[in-house]
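Chains: A, B, C and D, in written order; residue numbering restarts at 1 for each.
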């Protein structure tokens, strides 16, 4: 596990998640290898990310048309195969917050086992000018609220 | 084959197609049964339908924002399994033209073999008021141009 | 609504469903028209169909490798647009049972409104010889158990 | 661009690709934001990867059932939005070869513009014992044949 570049201490990292969405694997998300296709986890990350940002109030239906949050990069490590019928939980947390962007991490768990880990950067943008915007203090606060109760987070900020 | 409700005479029907798009089956479109998932053909029909309507000039980038063509129903008969790596052709033709809507048929062929047949109704609508619009004579002409050279089409009109 | 070929009396038909699965629309299942892509309902029907047949005990993990149930045709009528964030219920019922095949119907409901209707034939097959098998009395019983408590079902059998 | 962790010198990196597959964006691969959903590129990478490994002869239909190549991780950077109707090319190259695994890189180009970059590790495994296998000299040769004509590759090996 030491090879996952964005996780320093796996057993500490694992404990820093609280928000999750339960995901039900769709049959069409399997492939001819008999398990979940390697594309499908990114579908689950998207579901979980939207639910997470809504729950924090970082995105909402009241956002102005001129602001948005876009995906800048995504990265997934496949630890175990996932099968049709598996009940999985996709956990999400904020890992670090910058001036115009923030990183979130994902942990996918089946029963007690971590089957996938992932991360990705999100950028807050002006959707008309297509340039990054500064995160407001309120947005930062909301994002940080998810992580500040973990001791080892400070290092990321 | 006699069971396909929208095809009276299969060997006549088969010959009435000229437009097609070649489709390359994606690995992610297979499922754990080892062949193309039964959802995937509808992806192919959509590709073929858009290409077909563009080629006839029935839809185009110059369409007013207030007009559009929407899918009212879709129906597919699965004759043979399709596998990853198969080269298939998705044929499309207009089967009948009404006042505000028209029916198109699909035939999917692998080498010389028909693997799928399908049909669906499209409705020309006012996208603001969300009500059907009358097809203009020009649109009807374009749609009919695809079929008028077949003797047995008259019956549908 | 009178145009849906497989529904004689919509208000009677509507009432004959009891089994359903709740479906959460995935963001990736929308398209650039801003609502759920017309391919996505077939993903939902597959989910609901598998859950339904499992619940009746018609398919199970204990099935012999030589038997299976395959989709012979599928048909969907789009009544209302579905949006990301909508909570929908996909209802399934057996509509008729034949010697080697059976028809099931689908009703998709958002709040109190029917947004999609659909049907499809399933065939019980010998997966090695790729030919239809006769449904056992037990299978027929299980399928019929879902519908026999509705008065107007007899006509379909 | 300096932020892409797996690319040291973008203009050198860009030139090291020769193999590509043309990809036609499917309508269903867009989302309600009006462009290609962020999940879809991973579908394209899979297509391109399979075609690439087949072209090198690293995977083939003659592979024993006990051997296979699996995805260990995947990573994508989104540089520009992709739209329905865009003609894109997905380039693939081997970036480095290890004892039981190898890294491949992806470059997605629309006209002359790089719209996506990506990388991922593939592991050669014993599909029964589910453990990594040593790459044979022949496999290494095939993978290296794609890159040895580039001066700056040596550093990766």
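Going forward, a contact is a pair of C-beta atoms (placed from the backbone, for glycine too) under 8 Å apart; a residue touches a chain by one contact, two chains touch by 3 or more.
Since we're looking at a predicted model, the values are computed, not measured.
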*Starting at subunit B, find the fewest moves between touching chains needed to arrive at subunit D.*
1
_Report the chain whose CA-based centre is farthest from the CA-based centre of subunit D._
C
*asked:* Roughly how far is subunit A from subunit D, centre to centre by C-alpha average, rounded to an integer in Å?
replied: 23
_Gap in Å, rounded to a whole number, between the CA centres of subunit C and subunit A_ = 34
*Using the average of all C-alpha atoms in each chain as its centre, how far is it in Å between subunit A and subunit B?*
39
*What are the residues of subunit A that contact at least two other chains?*
27-28, 37, 39, 43, 46
*If you connect every pair of chains that touch, what shape comes out? Choose line, ring, star, complete or other.*
complete
_Considering only the defined contacts, which subunit A positions touch subunit B in the complex?_
27-28, 30-35, 37, 39-40, 84
*Which of the residues in subunit B end up touching subunit D in this complex?*
24, 26-28, 43, 46-47, 50
*In their complex, what parts of subunit B are in touch with subunit C?*
4-5, 37-39, 42-43, 46, 70-78
